[in-house]
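Each of the two complexes below includes subunit A, the first together with subunit B, the second together with subunit C.
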Partner chain A sequence: MKVTFPHMGYLWIPVSALLRKLGLDVVVPPPITRRTLSLGVQHAPEFACFPLKLNLGNFMEAYERGADTIIMAGGVGPCRFGYYAQVQQEILWDLGYKMKMVVLEPPKGHWWGLWKRIRWLIGERSVRDLWRALGFAWHKFVALDAIERAACWARPRAAAPRDVRRAVETAVRWVHEAETADQVREAREEGVSLVRSHAVRSLRDPLKVGIVGEIYTLLEPFANYRLEEKLGALGVEVDRSLYLSDWIRAHVVLDALRVSGEHEVKQAAQPYAPHFVGGHGQDTVGRTVLYARHGFDGVIQVMPFTCMPEIVAQSILPRVAHDYGIAVLTLIVDEHSADAGIQTRLEAFVDLLRRRRSKKKHDAVARAQAGK
Partner chain B sequence: MRIGIPRGLLYYEYFPLWKCFFEELSAEVIVSGPTTKRILDRGVQTAVDEACLPVKVFYGHAAELGDCVDFLFVPRVVSVEPRAYTCPKFLGLPDMLRASMVLPRLLSPTVNMRRNRRQLLAAVRQVAAELGAGPVKTWRAWRRAVAAYRRFKEFLRQGYGFEDAVSLALGQNRHLARQAPPARDLTVAVLGHPYLVYDQLVGMNLIQRLRSEGVRVLTADSFTPAEIEAKVRNLPKALFWTYEKQVLGAALACLDRNVDGIIQYVSFGCGPDSMIGELIQRWVRRKRDIPFTLLTVDEHTGQAGILTRVEAFLDMVARKKARSA
Partner chain C sequence: MVREGGFPPGTGAMLGRTALIPSSLSHYVKRPERRSKPGSVHKDDKEKNSRDNEPGDAAMRKLYLGVDVGSVSTNLVLMDGSGTVVADVYLLTRGRPIQAIQEGIRLLAAQGWDDAQVAGAGTTGSGRLLAGVIVGADVIKNEITAHAVAALEMVPDVRTVLEIGGQDSKIIIIRDGVVVDFAMNTVCAAGTGSFLDRQAARLNIPIEEFGALALKSNSPVRIAGRCAVFAESDMIHKQQVGYPVEDIVRGLCEALVRNYLNNVAKGKEILPPVVFQGGVACNVGMKRAFEEALGVEVMVPPYATVMGAIGAAILAKEATGATGRTRFRGFQVASVRYDTESFECEHCPNGCEIVCIKMEGQLLARWGSRCGRWDTVPEEQPVRREASG
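Moving on to the complex of A and B:
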């Protein structure tokens, strides 16, 4: 048995660490490229969401490298993600790809069934081994998030954006290669300082932009056309609202315990979106409110074309933007998006933010003078 | 008291229930007119571009009712059965509307039967309380409304058109003749959301057109809930969208009935349909060789183009049937 799983940002690092610790033979799908995308697009339904297509491409490329078993997360709706695995399975089946799909969700609501699937995967390993492996993977999640956060801070301050990208690659490789929890900690500390060391310019008050939206497009740089790097190169300090460990917390831990996400975010969304709408739609609204309250210059919502919860949020955001006077840009991505087009829109948005800043400063000066 | 009901989305699923209930509570029900180009344009202007066609149509109707009613009835229908949801857009519908236009007071109960069927009754009580009705009156109104809804579904099942089923269910028209038996021995299923296929403008009168060509037409409403359930019971994973389950189950049930062709009618960019459409096509192809066509519409779709495709499809179905006979 050779197991594989879909890509989502650096998810592959902790997940492959977890599976290897459990003694499984892992095939990490090759990094997402145009080829991955075109495989997915060719065989997935035309109007399926973007992540489904990229997942499918990952599976097909992993199959070429010998994978025969897919580990996939599931869901209970109302979002499409909960049915991804079943649709992908049908497609692979019809293509003659003999791959077994193991969906980590309680089948028909029975936890026992989920446990049986896990048991089947881990074979003779004990529950303690499983627990240890999970703990180890968790350290990697935390380390990767710290490195990505450092990168957001360093990019606008670097001499060349390329430097930060290279530093991140190195730091991430250290985390990947770490074999023990201590090594992971070390990799994190050294990685973060390596990334931060490229911040050579001091910025007193950089433009700040929060990024909200659908989780896959937030976390996977291929899917968001390297949004964070583009903004960093434009001198913007980015705050991303969701990291991998947040996803684990929300989808694995909290979902299992049946408690809903962060209270503060839900509270902030309350006047505009008082009810859960699937996916991260309500969070998108709540986090936009929070960014506005924390004095950010702008917010960018990223989402795949036809993403339902984010369309709900997108419909509501203009009202938030109006009430709080914050600039919001919605970036919709799919296989038809073009890098140059996104670059142009980001440049225009950053220009707008700069103008708004200087107007604010100007107004403040004028007010002070009038007061005298 | 005047309660406005936009003629869109779940109107096509529950209108007799709502109307009967509100009238029993002595409210006046005002429905926006059938969808026109103008209503659609209004919706297209107010909604975000990415919204699906039915949501845009709904916006148009809500705007249309705007200031001539005291309340606008836009329920938040989260779930109508255990362990299932509706579309995410129904979960956020009142919020989307409120953020996009100036509205009269919204009457917007939350219906969420995902964990508990009885939650529905709480929603009913909440609405009645907002309209100032007492418990006894409410209960009687609700019982009658449910009865009207059952009749409505039964008439649809028997093959009455949407408008006829509504007026029969509400007892407005006791003597409507049954549809004349079809002239040709040809059965075609038109599967899709009721708010698409029953809407006069965006549904392009497809059902009536086919009937006037002498074709027997089935819709997702032609099957009993038991038939649908039996078909979806063996899915690899239970489908968590109630209304899509209806469509998928109907498609599978078509394989058992004497159906000669299936037309799936979907909105461009519809999330749930992109998934079940794929499953339907694959399963239909695998199980039995029934001609199948997928018609995707949005606000730019020309009627002529769709009708030509339907004509061609019908020809193909008829030829295939003649050959196999």
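Moving on to the complex of A and C:
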């Protein structure tokens, strides 16, 4: 049995570490490229969302490398992601790809079913081995997130955007190569300081932009057209609302224990989106409110074309923007998006933020003078 | 930024709402070749120039060059320090931006501007990076900012800018002189200039008469405007059942405005003064349809088709103001040989097509890779003080 799984940002590093610790033969799909995209687009339904197409491409490329079993997440709620595993399975079978799909639904579903599947995957291994492997993978999640956070901080302060990109690549490789928890910790510390060492310019008060939206397009740079790097190159300090470890902490661990980890976000969304709308729609609204309260200059919502939960959020955001006086830009991405178009919108958005800020300063000075 | 006396008398360019409407009409009627004879400079520019803007007079003035390379048209303007447009050129890009830019520079030189002192150059539009490298720009700006800056120059209290160009359309919301929100068409190009061109050609109506024809209609036909393809089949259907052409044309304008307001302007608060610019702003039928749909007066500024270039020129002035230095290469760029080459990078399966821009055989710039591997930032050119042609 050779196991593969879909890509989502750096998810492949902890997941492959977890599976290898459990003694499984892992085939990591090649990094997402235009070829992955064309394979997915060619065989997926046109109005399925971008993540389905890219993941389908991942599976097909992994099959070429010998994978025969796919571990795929499932979901509950109104987001279509919940049945993507089944749709992808059908497509692969129709194409003659002999791959078995193991769907791991979040623990909100059936505990027994989930356990049966995990048991099947890990075979003879004990629960203690599983627990240890999970702990090791968790260290990697935390390390990768720390590196990505450092990159967001370093990009606007770097001499050239390429420097940070290279440093991140190196640091991420260190994390990937780490074999023990101690090595992971070492890789994290050295990686973070390597990335931060490229911050050669001191910025007193850089523009701050929060990024919200659908999880896959938030986490996968290929899907969001390297949004964070583009903003960093424009001198913006980016804060991403969702990192892998946060999400696992809040949704997998705490939800399973019936404790809501995102109380603050839900609370903030309350006046605008009082209940769950599927996917991360409610979080998008709540996080935008929180960014506004924390004095961010703007918020960018990113989502795949036809994403229902985010469309709900998109129609609510103008009210939030109005009430809090924060600028919001929505970026909709799919295989038809063009780099140039995204670049143009981002440049214009950053110009808008700069001019707004200098006007605010100007107004404050005018008010102070009037007060004298 | 200069807020008044922006344009020479005679071009009908006056600030203020009432003056703008008729002037825009006369502007349109007077210069039909703006859209009809692509590739030619407006002959009457010379007339205008002979009255107010002799190149000779301007030789001592500092001028700013704005270049807007769009999907459909390439526009150039020369603006003086007070914000007066002294020359403008509107050309079709025809998929050859470098040639279009060089032709534009050549036309400006032919009008006698080549010994004027160009104190700054700015580029905008989807070809802004290329144009910036070719002319040696002091500022390379996105078209949204450029259009907003130009609209603010023309109508300082503007609060909404509607811009419809060849392949994109945008709305810019301005409050107290600052852009606070904007949107661009994302997944649909129905209602942009290219679609109108195509329909005009299909109905065998010269594009510059298209709008005037719409005004003749008293009872517009309702056309489905959600999608260009459906709009076209609906139009054909309406034609086949015998509706008069002018009613169909007006119905089409209304459908496109509906589409724009529902898609691009969705959720935006449109407050007057409303300025309508971009190539499609010359279409009086579209202007009227906007006024009817919004219930407010819609202003079409003079030079509505070259507003992006005007914005770029204003930004060039701002950018060079502090140093007084420019990177502009001079009017000889029209006769320099530029070559482009491309190859496919084989480093990863992305297979990015890398483009190299060469000037007289020397590498000027290279871009096109997703990872930044091949990108060369245009080398800092030796900056010349107050460079001129």
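One rule holds for everything that comes next: the second predicted complex is superposed on the first by the 357 of 372 C-alpha atoms of A that agree within 3 Å, B and C clash if a C-alpha of one lies under 4 Å from a C-alpha of the other, contacts with A are read in each partner's own complex, and residues count from 1 in each chain.
As a convention for this text, a residue touches a chain if its C-beta (ideal position, glycine included) is under 8 Å from a C-beta of that chain, and two chains touch if they have at least 3 such contacts.
Quick caveat: nothing in here was measured; it's all calculated off a predicted structure.
When both complexes are overlaid on chain A, the residue A:Ile332 reaches subunit B and subunit C alike. Touch criterion not met for A:Asn224: it reaches neither subunit B nor subunit C. In the superposition on chain A, contact of A:Thr284 is made with neither subunit B nor subunit C. When the two complexes are overlaid on their common chain A, residue A:Gly77 makes contact with subunit B while staying clear of subunit C. Touch criterion met: A:Lys359 reaches subunit C, while subunit B stays clear of it. Judged by the touch definition given at the top, the superposed model places A:Pro161 against subunit C, while subunit B stays out of reach.
Shared-chain residue A:Arg345: touches subunit C; no touch with subunit B. Contact with subunit B, but none with subunit C, is seen for A:Gln89 once the two complexes are overlaid on the shared chain. In the superposition on chain A, A:Phe305 contacts both subunit B and subunit C.
When subunit B and subunit C are set side by side, the one touching more residues of subunit A is B.
Put simply, subunit A uses residues 305, 315, 318, 332 to touch subunit B in one complex and subunit C in the other. Remark: subunit B residues 47-48, 50-51, 76, 78, 83-89, 91-92, 95-96, 98-100, 110, 235-241, 268-275, 277-279, 282, 296 touch subunit A in the complex. Looking at the complex, you find that subunit C touches subunit A at residues 126, 141-145, 176-182, 184, 186-187, 267, 348-351, 370-372. Interface of subunit A with subunit B (complex): residues 45-49, 74, 76-80, 82-83, 85-87, 89-91, 94, 103, 107-109, 272-279, 281, 305-309, 311-319, 332. Residues 30-31, 33-36, 161-162, 165, 226, 305, 315, 318, 321, 327, 332, 336, 339-341, 343-345, 347-349, 351-352, 355-356, 359 of subunit A are the ones that touch subunit C when the two sit in their complex.
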